[in-house]
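Two complexes, one shared chain (chain A), two partners (chain B, chain C).
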Partner chain A sequence: MSDDATRQTNFANMSAVLTGFTTDVVNPLFDPLQLVPTYLATADAKGGAALVDTLIQQFLSLTAGGASKQQIADTMLDTGNPTPGNQALLARAIVKTWYLGSWYSSPTDNSPTVVSQNAYIGGLAWKAMQAHPMGFSDFTFGYWVTPPPSLADFGVDLPPGGQNA
Partner chain B sequence: MPDATTYDVVIVGAGVCGAIIALQLATAGKRVLILEAGAAVPANRNEYLTNFYLNPDKNPESPYPPVPVNSNLDPGHQATPRPTILGLINRTDPTKTYLIQPPPSPTHSPSSLPFGSTYERIGGGTTWHWLGTSLRLVPNDLQMYTKYGVFGPAANWPIAYDELEGLYGKAEHEIGVSASVRQQQPLQAAIGLVYPPGYQYPMQPIPLSMVDQAVSSGVTSLNIDGKAVFVSPTPAGRNSQPNGNRPTCAGNTNCIPICPIQAKWDAAVTLNKALNTRKVTVIYQAVANQVLVGPDGNISGIGYITWQNENNPTKGPQQVARGTLYVLAAHAVENVKLLLMSATNALPNGVANHSLQVGCNLMDHTIYLSWALMPEGRQIFPYRGPLSTSGIESLRDGPYRSKRSAYRIEIGNEGWNFPIGDPYVTVLDFINGTNNSKLNPITPPGSKPSGSSECLAGVDLALAVNDRLTRQFRLGCLIEQAPMASNRVTLDKKFTDGLGLPRPKISYGLDDYTVQGFVSARQTSSAIYKAIGATEFTDFSDRQFLAGYFEYAGVSYASFGAGHLMGTHRMGTDKDTSVVDSSQRSHDHPNLWITGSGSFPTCATPNPTLTIAALAFKTSASLLAALH
Partner chain C sequence: MVGKTPNLLTAPTQPFDTGPLVDQNKAYARFEIHADRAMFDYILANKLYSRAGQKGFTGTVSFPCGGGPNVGAIMVKAAWKVLGRGDDPSRFHKIDALIYTAPSKNPPIKESCVRQTVGLVGFHIGHRLNISSQWVWSTFEQVDNAPDDTDVKSGKLNAKYNFFNPSCKDCPSNQPPPRPWVPNVPDKTPTQVVRVSILPAQALDSAKQQNQTAQALLAGVSPKSVWQYYRLISTQWPTQTNSDCTANPANPNGTPFPQFLGNVTLETYVQGTTPQSSSSCINCHGNATMTTGVPSDFTYLLENAK
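Now for the complex of A and B:
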């Protein structure tokens, strides 16, 4: 595997843990949306490739140290810190992009940029709601009458025992 | 340049009226020219869809040209600017708003507000982003003065309900309305809705969402002002089965701003049928700027300007379209603009304006919006299905209409997307550790936060988003606005568009009758949430930034536009108090018809498109009779 391919795979695995979704959703084998390379390029351009590399190293190090996925996500987004540093802010921006398809340059940015059409369509927030992007339904007539497939079916990486475990 | 003698009828505007009338005339063998101000109907909707996906503001206008992003387009330099939500937000800046709006009221009085609704100027018109709601008026809607003694004699519609009933049938079949007469039956006793014996809608009804089901089962014992509250499936102009070459609705939850698959009817569907007759010609990017009146009082032509390039347009020469008969179908504001722009020494108040009512009585179904959260563990899974599939229609008529506005209540399937801009706001709250949504922690109005806002990551984030967003829903009361001469569209003398044409200037506000409708709508909405066991979050007290913010009796409200522009060239029997007759024919000029919801003398409560379409069938018959 080339360095670039390895870096991209690491970014995909990191993105899955930070968002709480499985790698099958974030980085599917057959991937029409190609969001992993798109978001890696976006993160490099907006946050700087060096800081992205630092994040990836942090992810690999935490993983190698045996931290749980939830611990890794909390540590990298520095969720206990109301004034996080640049590294955690970049991690948060990457999660926002995965969820909402838009790049937010700061916590108070109210005019974000939609990264691409595929980014909007691939927003994970809609899956976390067991729904679909407004304006892009893969469902069929009448699906709204009954409950949706399970959260696991939508790709949330639930801990063993399911949603309430 | 079309041959000036070729056309039987010249129509201004390729929207719902223009398309239906063109099809009816062409089917009868007549030759029709349509002048459409804006861009052509695209060969497919991918370009508009891409605009929608990429626009950070998912407002109704977001897919359509000229595409407004962050309000960076100056209407003063556009060929066909139109009102937009971004323009409304920037309403005091004429470089960002097409409509010249009243200044903000320092006292937050409802008597002076900006007009909150928008429309499109493109082939297919504003039906690109109509909801599809296809409700009929009820008999008392046509007789507000006679039945309830309000609004004056000119408020009575000059058309019998029996006749309108037949026209509704034609409109429902042209649009393709999915509904069931049997399901609407309870509304006969409640509000007088009747159908001719044996009538059937063309398609089976759209099934109710889980949100609808929760509201429906929760309100079974609720009465408001002596009327039972119950949920009715909404007749909708969207396909419940394959229909021609258009697919069945897939529940994209995006009827507004754009149905991605055209399962929802829009005027382009009918326009295509009209064009297939080969009797209809459309000139796009042709802005009508003058209705020419001959010495005999008949219209002799429509002056128009073609353009290239939406921004800083290049203008073509002034041209004239000529026909035997003329139809204005440019919607409630642009029809008025055209009539007023056409003033001459002989007609100093504009064309068709003997009554001086052109531009007056601007109305909207001003919306009282409210929102709530179902109890923990009671997921109702919004953000699925069409934007709305049901409503509470049983309160649309009652004795209270002698004192206050009635309303219908639209049940939204899009969670808190309209009220607060979700899913964005809540997701950002849980990543940033903020609480703009009031859901992190759950903090209803008047309560203290149970703790500090959480900042979440990983599965914790996904679960929190799931918990909050799958319990959201909202109601929107569409309030009948009283017609008032002072709610008015005129021409602004100072500000022009990119073609040098004057821009519409608005005077607008809510009278006490309408404000009392708001008061009732607020009480009713809260009673519904209580009956369902949901926690209400409606609170406008910290939203003074909203364009429609007002205060009444110590309570904060906001009036939202429904996108329903009505009343500006009202129909009636008296040429001194109305602009057109029941066929939408000008009282002043025998060969001119002025069509659309501008002709409504009152707005009642139903979304207007079905009635616009019904009246277009009557106009078509009137035109054909005049041609023979």
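Now for the complex of A and C:
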């Protein structure tokens, strides 16, 4: 695997842990939407490739140290800290991009950039809501009369107890 | 063709009334859909051929999936053009067909039925498989249909196309003719069809390889084979699906690849890359229902039930 491919895989694995979705959803074996390379390029361009590399190294280090996914996410996102440093801010921006398909340059950014149409329809927020993007639906006619599929079907990386744990 | 009865071609417009396709001889192309035995038997057994039968159907429409010895459900949609002035019949799969035009008051259309020789210009093959409950969709075209948009830009054009006039510089591309659409009267406006570049390199390269292999095999069978003048445009398949003829309910279309796919003779006016509106076999057919509004397993055939 080339250095670029390894970097992309590490970014995808990090994204899965930070977002709470399975790697199959974040980085499917064959991805027509190409979100991983798109988001990595966006993070490099907006946050700086050096800081992205530092973030990936932090992820690899925490993983190698045996930290749980929750611990890794809490550490990298600096959860609970109202004034996190640039590294944690970058991690938060990457999570927001995965969920909303838009890049927020800062926590107070009120006019984020929509990364692409595929970023919009591929936003994890829709899956977390067990819904579909406004203006785009893969569900069959009449889907609204039945309960939505489970969070597991949508690819949420659930704890061992499942959806209600 | 069955026995001595010619094929009957009726449909003169493309899906969702997006428009007719008018060839360079100003004749309307005609469209038809066929189902294989497995699909036919399923429709028959479940009485889905009539509105009353569909109303009484309480299950989920699920056509047989192919796998192992079972072929599974296959449907074919085809586009035909009348072979006329300037067309080389040796380059077409051709049949004698009865071309029927239904009468209408608005616009005023006189009923007609004429026997003509038509050539195949495009077709889809949809096949439902255990590993692809969303079906696998391959689309093919006669090679003389239309130039790519890149050919138009660079000026590398052939002398003649079925649905493009190289000498017309001002003809707007991929626009349906103005109404009224009267299929049995020559239209004033031949369609200026251009293939829009929407396929990723991976899909283009794969189709190119498949075409080279198939065309060499066909030439080996007969150098006169008309099939050497047909080519695969691409095949759309679900990238995320199960192997037991089911789909993830949270991803019923299985994230198709390529994301968009169209045939210039069957989806002339919806070529593009806009989700939910540009041509995508699986995403479009995923919306298909019976006359009752119940999903019909990716076929629009059942909405024709009377």
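Keep in mind that, in the parts below, the second predicted complex is superposed on the first by the 165 of 165 C-alpha atoms of A that agree within 3 Å, B and C clash if a C-alpha of one lies under 4 Å from a C-alpha of the other, contacts with A are read in each partner's own complex, and residues count from 1 in each chain.
What we mean here is this: contacts are C-beta pairs under 8 Å (C-beta built on N, C-alpha and C of every residue); 3 or more make two chains touch, one makes a residue touch a chain.
Predicted model, so just to flag it, every value in this text is computed and none were measured.
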item: Partner chain in contact with A:A125 - chain B first, chain C second, else both or neither; value: first
item: First (chain B), second (chain C), both or neither touched by A:V145; value: first
item: Partner with the higher number of touched chain A residues, chain C or chain B; value: B
item: Which of chain B and chain C A:G135 touches, first, second, both or neither; value: both
item: Chain B versus chain C as contact partner of A:D153, first or second or both or neither; value: second
item: Which of chain B and chain C A:S2 touches, first, second, both or neither; value: neither
item: Touched partner set for A:S102, first chain B, second chain C, both or neither; value: first
item: Chain B versus chain C as contact partner of A:Q117, first or second or both or neither; value: both
item: Where chain A meets both chain C and chain B, residue numbers; value: 117, 121, 130, 135-137, 139-142, 148
item: Contact footprint of chain A on chain B as seen in their complex; value: 49-50, 52-56, 58, 70, 207-210, 213, 240, 248-254, 257-258, 260, 379, 381-386, 389, 413-415, 417, 423-424, 427-428, 431-434, 454-463, 465-466, 469-470
item: Residues on chain A engaged by chain C in the complex (per definition of touch); value: 28-33, 117-118, 121, 127, 130, 135-142, 148-150, 153-155
item: Of all residues in chain C, those that touch chain A in their complex; value: 239-240, 248-253, 255-259, 274-276, 283, 286-287, 289, 293-295
item: Of all residues in chain A, those that touch chain B in their complex; value: 17-21, 69-70, 72-74, 76-77, 79-82, 91-92, 95-96, 99-100, 102, 104, 107, 111-114, 116-117, 120-121, 124-126, 128-132, 134-137, 139-148, 151, 156-159, 163
